[in-house]
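Across the two complexes that follow, chain A remains constant while its partner is chain B and subsequently chain C.
Then we have the complex of A and B:
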């Protein structure tokens, strides 16, 4: 009995506040929950308040019909498509940037690496909201360094990175790459740290060029860790939400699935909770399936039962 | 191999470019005029920070954030540690599936957290726990339990059992055993766990924004509200507010790195 008693308090709290809401959200997705009937008042609320707010009705698959083929479908499929584009664009950007810096920071020929690493790790250490504040200033239409550079390059009317949907979306890719490169960099540095230097020296003595050393020695060494890091970071791109929320939600809510679900529940005056729950349930399902496949494929769980 | 000027220059330039957004926000916060650009006017002053420290919202938010984050730390450790001990020291039915479930959940908690948001909103409303700082801390702790149980379990695995066995022979009960023998040995892991749960609670925005209002708003919500009407706040003041907000988690992150260097590399 003892181990169960030790585990239960934490487990119960977790189940109640984390797992139960997910199950309950799936149920809400089959109802017409909206601003008039949801959320229900607490049990001790006055009787007339309870009567004024009858509980939501069961509507079957109506919400799913709406997001797949009905009125909300245009926005939903748009968000799905742009989320996938985001994964397809941001993952190579993150991995390329992180690998490039990781290789530089592993190179014998670079001086002052430990000092530079301290600066390079900063995006990882900062609270997200400060990073977004910093990038807001970089992209500020008037004062930002991006538009000032564009201006001095002869672009007479540089874009507004907040109000224009496509430019705001492009800014999301840049920021996500910046937020994630420390992770990829660390993985690459770690993978190359254990390699005996003699392997590279021997190859050079044998007359291998730089490219050959890279493709024959470096790449095979970092391939497995890099695949693992790419899968993990793809999951992060799939769940991208907070930066868009902080950037300019009104322009970006229909570019990311989670944002689209949030929009229908809390981000708009409509407050269609049932519809939003349907969007978010589908998202949760896709994210879970992706993660389970990723864990199977990358062997994340290997060695878990060793102790 | 000899150092290469070309490679070093590329590395320095890349580091500078990637650090530039942060550098510029720091210089902006210290500038007398509300904007900053390279080659532009720079008149260093602490006026923006003084402005922040004069805002009642800043202090109220700070106190609320400290309450929420502190309560989260206490709840995470009191709830995750006993579970971690059980996972490490006992063999029982359901152990391995539950442990795997905890680890998998850790990876998807972000997206699934948003997915459960609507129901959580209903549950918290039905319990009358909206706008309650301690209830919010309990929700944060609930979400952190899988990760921290796993983290602490991994550390307990490295502690030899001999000390516990000696205490058991002396007739100690499980509670005495935990408090007298196990916890003191775990100080570094508990510190790591406390730091991570503090940083998590300090930086959480979505739930705080949904549940807290008025006097109970945390510091991040104040930064967020400044952000939402960025055209009415001067940029240098806004930058100073965001930087002051970021100091506690960044300091804790640096302390965390020192723990990790001492061999607690199990976190990542």
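Then we have the complex of A and C:
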């Protein structure tokens, strides 16, 4: 009994801060909560306010039905599809970039590694809003570095990276890769630090080329941390929202699941919180299933509880 | 400034205390959260287009009877929602033509005059014909001018697919858009084009005048010029107003009435803040305020229905897809936007 008593305060806090919001969100998703009735006035509020704001009605599965079969459904599946495309494109880009830089930063031939590592980690440390502002300058259709380069390469009408839907989406992939490579890089550097140098020396003596060393020695030895990092970063791609929101929401809202839910729920006259909660619940479910599958399929947790 | 004006009021009324609070950056959320959780305050100030939403959310109290005696003092129609009054306006805002006198000595009388000016100065990439923020609010004048509309406040229906609206969008795209500087949807880029002298004129509201004066530009303000006698641009206008919350006290209503109708207050607002007055019998000496005052006469008050909210986004998509870029034709874009609005219950 004693151990349970000891963990009780912690457990209570955990339940309150982690479980309660989830349960409450799911509850909201079964109601018609919106700006007119949510949040509810406190008991001491005057009678007229209580009358003006009647409590939300329980609407059963209506919010879920409107997402899957209602007018929002076509756009929803479209957004799911584009989110999966985003995962499929951005995750390999992030992992490749992060691994490449991680390998460079672990090489003995590179000078000033610690200083460079500090700079390379900057995207991770910067507040997102600042990064987006910086990237807006880079992709500015007229004055931006990207289009200036395209001009000098002879492109007379370079694309508008904000207003054109597909180019805006492409910019999202670039920005996400830039935002997430420091994470992958850090994991790779950490993993490589634990790999004994003798393995590489032996391979070199046996006459293995650079590619062979990478695929036969380095990769297998850092495989597990790298898979872990990939799964984590894939989850981040599935939840991609804020950059698109700040970039040009009106073009990108139907390319990302969370953005679509936000648009549909808050772009309505009365901010449909119930509908928003339903979209979030579905997204949370999808991401959970993805994580469980990824962990199972990659054997990430295998051996963890065996010793 | 508001605090100083309030001090004038409390001087003679020692039993009244007025506290101002700045709830930037998101007043809407702040007001809704405060009211819903039972926090009490009397009044808040914002443009009139929130009335519908705020009434539906149970935030406001009708004050028709309390303010009936001062209504004749106003030169504008008092914003209403479903026939009730929920506050009083203190100034009007809309967009007008602001031109650099060095390049344009006299206000253009007709759109043809403006077109000549735009053509004359349009030498990209150094100079452009006009600085114009291409967004739903700023270009609304040309859509309303043809008899088109984004949204009808009475029927609560969108009007994007109305042939007159399409004609308005097309007029703007054909006759104004070619002379607009780079990054047409970006406010800062457009304003800086005018401030740096790279564009002879800009279309903007009273809120931009401070920056123009600071840049040391000699300028005038005039209404957007008419295309012909039947096509007069009618920009969306907003009335900045006091909203009376459900907690509003008798004293607060009296203060609101005094603030919005006292000629001395109006004079201070005109002189110190460049506010365009909304009450009768006010002498305006300032030519800038006079320019906006003339522009207001053509303005079309923004809808008060909460159903307008999704329409802003829908018009923005039309602008991005068919006016500042050629991803769709205007007819296609308005059709797609209307379909999207319809799916959300706004047919």
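FYI, the second predicted complex is superposed on the first by the 258 of 307 C-alpha atoms of A that agree within 3 Å, B and C clash if a C-alpha of one lies under 4 Å from a C-alpha of the other, contacts with A are read in each partner's own complex, and residues count from 1 in each chain.
By definition in this document, a residue touches a chain if its C-beta (ideal position, glycine included) is under 8 Å from a C-beta of that chain, and two chains touch if they have at least 3 such contacts.
As the structure is a prediction and not an experimental result, all values here were calculated from the model.
By the touch criterion stated above, A:92 is placed in contact with neither chain B nor chain C. Legend: residue contacts after superposition of the two complexes on their common chain; A:283 is shown touching chain B, with no touch to chain C.
Of the two partner chains, neither chain B nor chain C is touched by A:209.
In the superposition on chain A, A:108 makes contact with chain B only, not with chain C. Within the superposed three-chain arrangement, the count of touched residues of chain A is higher for B, of the candidates chain B and chain C. Within the superposed three-chain model, A:55 lies out of touch with both chain B and chain C [touch as defined at top]. By the touch criterion defined above, A:39 lies against chain B and chain C together after alignment on the C-alpha atoms of chain A. Of the two partner chains placed by the overlay, only chain B lies in contact with A:22; chain C stays clear of it. Once the two complexes are laid over each other on the shared chain, residue contacts for A:141 go to chain C alone; chain B is not touched. By the touch criterion defined above, A:239 lies against chain B but remains apart from chain C after alignment on the C-alpha atoms of chain A.
Annotation: chain A residues 38-42, 44, 140, 142-143 touch chain B in one complex and chain C in the other. Within the complex formed with chain C, the residues of chain A that make contact are 35-36, 38-42, 44-46, 48-49, 52-53, 71-72, 75, 140-143, 160, 162-165, 248, 250-251, 263-264, 267-270. Taken in their complex, chain C has these residues touching chain A: 32-33, 35-38, 53, 56-58, 182-183, 185, 189, 246-247, 305-310, 313, 316-317, 320-321, 324-325, 327, 342-345.
Across the complex, chain A is touched by residues 1-4, 7-8, 10-12, 14-15, 18-22, 24-25, 28, 35-38, 79-80, 82-83, 85-90, 92, 95-96, 98-100, 103-105, 107-123, 125-128, 138-139, 141-143, 145-146, 149, 154, 157, 174, 199, 202-203, 205-206, 210, 220, 223-224, 227, 230, 235, 238-239, 242-243, 245-246, 249-250, 253-254, 268 of chain B.
Listing the residues of chain A that touch chain B in their complex gives 2-4, 6-7, 9-11, 13-14, 16-18, 20-25, 27-28, 33, 38-44, 100-101, 104-105, 107-113, 116, 119-120, 122-123, 125-138, 140, 142-143, 145, 148, 178, 181, 186, 201, 232, 235-236, 238-239, 241-242, 245-246, 258, 261-262, 265-266, 273, 276-277, 280-281, 283-284, 287-288, 291-292, 295, 300-301, 304-305, 307.
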